[in-house]
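Multiple structures are listed underneath, in C-alpha cells.
Below are two complexes that have subunit A in common, paired first with subunit B and then with subunit C.
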Partner chain A sequence: MKLIKAIVRPNKVDDVRDALGRVSLPGMTVTEVRGHGKQKGHTAIYRGKEYDVSLLPKMQIEVVVPDNLVDDAVAAIITAARTGEIGDGRVFVIPVEQSYRIRTGERSEV
Partner chain B sequence: MKPAAGLALLCVVLAVGAVQAQPPAAAPAPAAAMQTDLAKLDQRVTAAQSSADNAWMLVSAALVLMMTGPGLALFYGGLVRQKNTLAIMMQSFSLMAIITVLWAVVGYSLCFSEGTAIIGGFGHALLRGVGVDPNADYSATIPQLTFMVYQLMFAIITPALITGATAERMRFSGTVVFMVLWSLFVYAPLAHMVWGKGGLLNATLGGRFPTLDFAGGTVVHITSGVSALVCALYLGKRTGYPKEPMPPHSLVLSFIGACLLWVGWFGFNAGSALASNGLAASAFVATHFAAATATIGWLAAEWMTRGRPSALGAISGAVAGLVAITPASGFVAPIPAMIIGLAAGIGCFVMVTIAKSRFGYDDALDAFGVHGAGGTIGALLTGVFATQKVNPMFHDPQGRPLPVGLIDGNASQIGNQLIGIAMAWAFALVGSIVLLKITDLVVGVRASEEQESEGLDLTEHGEEAYNLEM
Partner chain C sequence: MATSLSAVESAREELSGAAARGEGGRAALRRFSDCVDDFLQGLFAGAPRAAGASVIIALGGYGRRQLCLHSDVDVLLLFDGQIGEAEEKRVRSILHPLWDARFSVGHQIRQMADFAELEIDNPEFLLALLDARAVAGDATLLDRIAVRVRSPAAHARILDALKQLIDERHAKFNDTFYQLEPDIKDAPGALRDVWSVRTIAAITDPALIDRGAADRARLDEAEEFLLRLRSILHREHKRNNNVLNHESQEQTARLMGYGGAPRQQVERLMGDYFRHARAVSRSLDSVRQTAPVPVAANLVRSRDGIRFVDMDHAHTHPESWLSLFQAALDTTTAVTDGTLAWIQQRIERHPPEAFFPRPADRAALLAFLRPRAGLYARLSEMHDCGLLGRMFPEFQAIFCRVVRDFYHKYTVDEHTLLTIRNLERLATRAVRGRERFGALLDDLAYPELLVLSLLFHDVGKWRDEDHVEESVRMALEMMRRLQLPEESIALVEFLIRHHTHMSRIAFRRDTEDPEIVRQLADLVGIEERLKMLCLLTLVDVEAVNPDTLTPWREELLWRLYVDTYNHLTLEYADERIEHEESGLRAVMAGRPGDVTEAEIARFAEGLPRRYLQLFPSEEIYRHVRLSRDMHPDDVHADLKRKDSQWELTVATLDKPFLFSNICGALSSFGMDIARGHAMTNPNGLVLDVFQFTDQERFLELNETGRDQFLTVLGAVISGRTDVTERLRAREQSVLYRRRAGVTPTPPVIHADNQSSRRYTILDLVAENALGLLHRVSRAISRHGCDVGLVLISTEGQKAIDVFHITKAGAKLTDAAIADLTADIHRTLEA
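After this line comes the complex of A and B, so read on.
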C-alpha cells in the first residue's frame, strides 16, 4: 500500500482524476498548495513596483493505492498532468503502514 | 447677466403666446393686468429654473458622497493588504459621519460665511441662516441648504483622500483627531480663500489673486495630496517596506471603486456649475474626455516602459485625469481637456513609478503621486487653457468679457495660478506638520509593529474583512 502524492498544475486536476478513474482508483484528496521547483515564478508589477511571485499556485493530489497498481497510477498521473513545460510538477510515492475506515472502524486494504 | 436676459426673453415670448391664445373676441388686456400676468410668469419661470437646478444639485451632492463611500473606500480598500481592508474603508466611512457634524457646527461657516481674506467667520455657525432661500453670492437659484450639503460632500472626500498615504500604519484614533483638525485648519482656509466671498484667491467675489479652480484642484487635490506626502514622511515607512512585497489584495475592488469615482466625478465637476446649465454640460464633457486620455496616457507610458498595460495602470490613469481636470473643468473646451488628461496620465505615472522609488517615501496608495501631482498639473494647465468662450467670467467695467487663460491672451493668469498653487502647498505642508505633531502628542499616530504585522482590521476594529473558511 502506497501513498501517491502528486503536485500538478491547477488546470490538470480534472485530467488526472479522469486518468486515475480509468485505472479503477476512485478516491482522491485534493489540496490547494503553493510552491516552486525549477520554475522560478514570474514578476508582477503594481504601479511600477515589481514583485517576484515565486510561489505559484499548484494542486496537490493524494491517493492511496495497492502495491500492484502503483506503476499504473503513476503513469496515469504523469501522462495526464504533463505539458512538457517547466512547472508541470512532481509525483512522490510513499509507503503507507496502515489504513482505517472511519465509518466502520475496520482496518482496510487501501 | 445672461440668464437674466434669457429669462426676460422667455417671459416676452410666453406673454405673446398667452396673448395670442386668447379668443379673438376678447378685449385686449389692460396694461396693469398685463403687468401682473408678466410678474406671475416671471415667478413661474424662476421657480421652474430653480427646480431644475435644485434637482441636478441634489443629485450631484449624492454623486459626490458616492465618491467617498463606496468609491474611494473600495478603490483604497482593494489596494491595501487583506488585513487592513476594513481599517481603510472605516477611515473613509467615519469621515462621512464626523465631517458632517463638524460641517454643521462650524465647518460650513468657516468656509463660506464672510470673514477675513484667509478664513470665514462664524456667521453660519450651527447652520444659522442656512435655509431654503438661496445665498445669492454663491448660487442664486438653489436653496442654500442644497449649496451647503453639496459643499459638505467635498469637505468629506478631501481628508479621506489623505488616508491613501497613511494606509496600513496610522491608528484610527490618530486619523480621526488629525482629520478633524485638518478640516478646520487646512481645508476651511483654502476653501474660503478660493471659493468664499472675499477670499484671497477668489476669482469672482473680490479676491486679490484670482485663482481659477472650478471644482477643487487646489482646495481638494493639492491640499490633500501634499498633506498626504507630509503624512507619509512623518509616519515613516510601513514595516518591511520596500523589501517585503505588499501587493494590492483585490484589484477587483479597486476597479469597482475607480469606476464609481469616474461616475461620481460628474457630480463633483459638472455639479460645480451650481446649476443645471450649459456650463454644467461643458464641465461634464471636459471631465469625461480628460479621464479618457489620462487612462490612455498612463497605459501607453506603462506599456512602453514596463512591457505590459495593467488594469491598475488603467484605473490609476483615469483617476489622475479626473484629478487634473477638476480645476479646469468649467473653463476649458473638450480638446484642451483631453490634453490636460494626457499630461496628467503621463505625469502621474512618472511620479508614482519613478519619483516615489527614487525619493524612497512610502506613500502607500499614492495619494501624493496622483492627487498632489495631478492637482498641481491641472491647476497650472487651467491657467493655460481657460477660455472666455467656455466661461466668460472676467468682465471689463462695461460688462464685455475679458480674456481668461493664456490661450485667450491673459498670460498673467499663469501667475495667479502659481500663487494659488503655492498657497495650497504652503498651507498643506505647514498645517499638516503642525497638526500631525499635535495629534501625535494627544493620541499618537503610528500603529505599533505588532499591530502592523497582525493587521489594523483585527487590532483597531476587532474584525476581519473576509471570513471565507467554512
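After this line comes the complex of A and C, so read on.
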C-alpha cells in the first residue's frame, strides 16, 4: 500500500482525475498549494515595478493505492499531467504502514 | 379711530391687570394680540387706497399671538405692485397711529417683487416668516411667499441658522439654565427655547415633541409659566425688560401667588423656574438630536433613516424615488422601514419607464451605481421593497431563484447583489490583501457600467437553458430602454457575454502558455475591458460561496491579469491593422457617404490593432475626416466635452518633439492629462487622443477658451511658441509649488527590450505632476528617439505611462537605455 503524492499544474487536475479513474482509482484528495522546483518561478513586471512570483500555484493530488496498482497509477498521472515544459510537477510514492476507516474503525487495505 | 385707540388702551389695562394677578399667560396675551389685530384692521381699512393689493403681516411674537405689554409689534407691510407715493401714504397712515398708541414698532415695507428670489441666505428673515400671519388685507400675498419658505432647501437653511442662533445665545449665558437672575426670554431653558423646540418640530417632524425626552404637556406648562412671569416683568419694569433680577423676584413671587415668608416665596418661584427651564432644555436637546435634517428635495434624514417629507408629491413623482436611496448612500444611512413599506404598497402602480423618464434621471441611475460604501445595502433595500424589480423587470425574473448545483450557496438574486457588495469592499479597501484589485477599480473610467453588468450578468438564469445568451438579451433590452450610449451598451454586453471566460482560463487552463494569454488579450483588446473582466470575475467567484475564492485562486487570477495586461501594453505595437482585417472591413462597411474606403485604408492600415477596439466606428470616421488634406506643419485638432472631462484629438504629421509639445501645451493651460493614446501610422501620420480635466475651468468659463487653446496648440506644434517658457511661468505659480515637507514618491522607470519586436518600451510610474509627460517625452526626443506609441493612464495620484520608442528606426542599445533613463530621472527630480 502506497501513498502517491503528485504536484501538477492546476489545469491538469481534471485530466489526472480522469486518468486515475480509468485505472480503477476513483478516490483522491486535492489541495491547492504553492511552491517551486526546478522551474523556480520568475520575476514579473507590472506597471514598471518588479514583483516576485517565485512560488507558483500548483495542485497537490494524494491517492493511496494497493501495491499492485502503483505503477499504473504513476504512469496514468505522468501521462495526463505532462506538457513537456518545465513546471509539469513531480510524483512521489511513499510507503503507507496502516490505514483505518474512521466510520467503522476497521483496518483496511486501501 | 378714537374708539380704536381707547380700545387699545383698555386692552392694555386689562393685560396689566391680568399680569398683576399672575394671569398674564397665553390667553391674556392672545386677547391683547387680537385687540392689536382689530386696531390694525381698522387702520388698514381707513388708510388711503394703493394701486394694487396689500397686506399687513404679523411677525415674531406678535405673529404667535403672544404680544406682551411692551413687546415690539413686528409687522411686514407688503404690496403687490411697485411702492410709490400712494403706497407710502398708506404706510404712514398705518404706522403713525401705531406709534401714537405707544407701540414700539418693528416694521418692514416690501413689495412682492422683492421676494422673486426669496432671501434664502437670510435665514433669520425666513425664521420670522415661519410665524407670519396675515392680519389685514390680501392674505394670498403671504401664501405666495410661504410656499417658498416651505421648500426643503429653505427649511435646511432655517434649521442650520436656528441651531447656530441657539448656540450663540446659550453661549452668552455660559450654556447653563441655572441662572440666579435669569432672562426669561433669552436664557437657556427660557421662552426662546420653547419657540425653538416648536419651530424645529414644525419644519422637520411635528411628532418630535411627543417623542423621547421631549414632552408636549410640560412644554406647554413651561411656556404658560414663563409668559406669566414675563407679563409681570413688563408691568413692573414698565418696558421690554425680561430679566428676573433679585430686586423683582420678591414682588414677582408674590404676584404669582406663592405662599409663605418672602424668602420662601422667592425660593419656591425660582424652584419652579428651574424645573420648567430643565424641562424646556431637555425638550430642546431631544428635538435637536432627533430632528430630521433636510438632505435633498423632499427628503429628510431622521434618526431611523431617510424618508420623504411630502408623500403625496413623491407618489406622483416616481422618478424621485431613486433619490431616496442616493441620499441614503450619501449620508451613509438607510431608508426608513416606513418608507420602504410605503413604496412596496405603491410599486405596482408605476411602469418601469416611469422611474427614468428624462436623461437626467437616467444619468442619476448611473451615478447611483458607482461602487462605494453602502451600495449593496441600498440595492438590497430596493430589492426587498420591490423597487429594483419594478425598475428592472429583468431582475425581478430571478427573485429568489434557486439553481441547484454543487457550488452556489445563495439564490441567484442574492448572489448577484453579493457580487456588488464584494466590489464595494474593493472600493473601500475593506479586505486586506486585495488592494491590488482595489487599485484596478480606482482606475476604471466607468465603474458604474461594471456594476450594471454585475446586476444583469445572471438574469438569464430565470430559465434553465444557456443563461449567458439570455442575460445578454435581457441586458440589451434594459440598456435600450435606458437609452445608454452605444459604447456603453457594447461594453456591458461584452462583460456579460464573457463573464465566465476569465475564471475558466485562470483556473482551468495553462496560464503559463503564452498562447492562452494572447487569446485573452485578443478577446479583451484594451486594458479597460481587461480590468473590468478581471474584477467581475473576482467578485463573481467570491459570491458563489464563502470558500470559493481562495488566496490561491486569487493569485492565479491576478497572474493571468498581469500577463495579459503586459501583453496588451507591451506588445500591442507589434500587432498592426492589416488590409484584410475583419474589424477594418466592418468599419468600411458601415462608413457614411462622405468617407471613402480608400481614405479609411490610408488612415488606419498600420495603426496598432487595438485602435479598432479603442474607438467606435463613428469616432474612426471623425479621425479620418480630421486627417484629410494633411500638409507638413498642419495641425488638425478637435476639442470636445466628454462627461466631466475634455477630449483633445490631434492629427498631424510626425516631427521631433511633437508629443512633448502637445503635452506641454495642455499643461501650460493647467490641464491634467488623465488618459490618452498616441499612435503613428506608416505614412508618418500621428493621431493623439488625450482625455484631461480642466481643473481651472478655463474652457468652461472663457467663451473663446477653445479657440485660444487651439491657437496656442498650433503655434506650439509649429515651433512659433516656446512651450517650455509657457510652462515655466505656470510651474513657478504658487498654485503648483510642491508642498513643503512633502517628499514625493520616487519615480520608477523600467526599460524592456524583449517584449516588443520593434520597440524599446519605457514603463514609467511617477507621482502625477504638472508637465510630467512633457518633460519625460522631451527628454526622450532630446536623446534622438522617436515616440511610436504612448499609453497614458493615471491611478489616483500616480501617472502610469508606457512609451514605445525607437532610435534611428531600431531598438535602443543597453547603453542608450541607461543614458536615457538616467536623464529622465534627473529631469523628474529637478
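Following the convention adopted for this analysis, the second predicted complex is superposed on the first by the 108 of 110 C-alpha atoms of A that agree within 3 Å, B and C clash if a C-alpha of one lies under 4 Å from a C-alpha of the other, contacts with A are read in each partner's own complex, and residues count from 1 in each chain.
Throughout what follows, contacts are C-beta pairs under 8 Å (C-beta built on N, C-alpha and C of every residue); 3 or more make two chains touch, one makes a residue touch a chain.
Predicted, not measured: the structure shown is a model, and the values here were computed from it.
Trainee: So, does A:10 touch the first partner subunit B, the second partner subunit C, both, or neither?
Mentor: second
Trainee: Where does A:75 make contact in the superposed view: on subunit B (first), on subunit C (second), on both, or on neither?
Mentor: neither
Trainee: Taking the superposition as given, does A:57 touch the first partner, subunit B, the second, subunit C, both, or neither?
Mentor: The second partner, subunit C, only.
Trainee: Once the shared chain is lined up, is A:83 touching subunit B (first), subunit C (second), both, or neither of them?
Mentor: second
Trainee: Residues of subunit A touched by subunit B versus by subunit C: which partner has the larger set?
Mentor: The larger set of subunit A residues in touch belongs to C.
Trainee: Applying the touch criterion given at the start, work out whether A:46 contacts subunit B, subunit C, both or neither, answering first, second, both or neither.
Mentor: Both: A:46 reaches subunit B and subunit C.
Trainee: Return first, second, both or neither, reflecting whether A:96 touches subunit B, subunit C, both chains, or no partner chain.
Mentor: A:96 contacts neither subunit B nor subunit C.
Trainee: Which subunit A residues lie in the overlap of the subunit B contact set and the subunit C contact set?
Mentor: Of subunit A, residues 44-49 contact subunit B in one complex and subunit C in the other.
Trainee: Touching residues of subunit B toward subunit A in the complex: what are they?
Mentor: Touch list, subunit B to subunit A: 242, 245, 247-248, 302, 306, 308, 310, 312-313, 316, 349, 352-354, 356-357, 366.
Trainee: Using the touch definition up top, name the residues of subunit A that touch subunit B in the complex.
Mentor: Of all residues in subunit A, those touching subunit B are 44-49, 51-52.
Trainee: Which positions of subunit C touch subunit A when the two form their complex?
Mentor: So the residues of subunit C in touch with subunit A come to 507-512, 550, 552-553, 555-556, 559, 562-563, 565-566, 748-750, 752, 763-765, 800.
Trainee: For the complex, give me every residue of subunit A touching subunit C.
Mentor: 9-12, 14, 32-34, 44-50, 53, 57, 83, 85, 87
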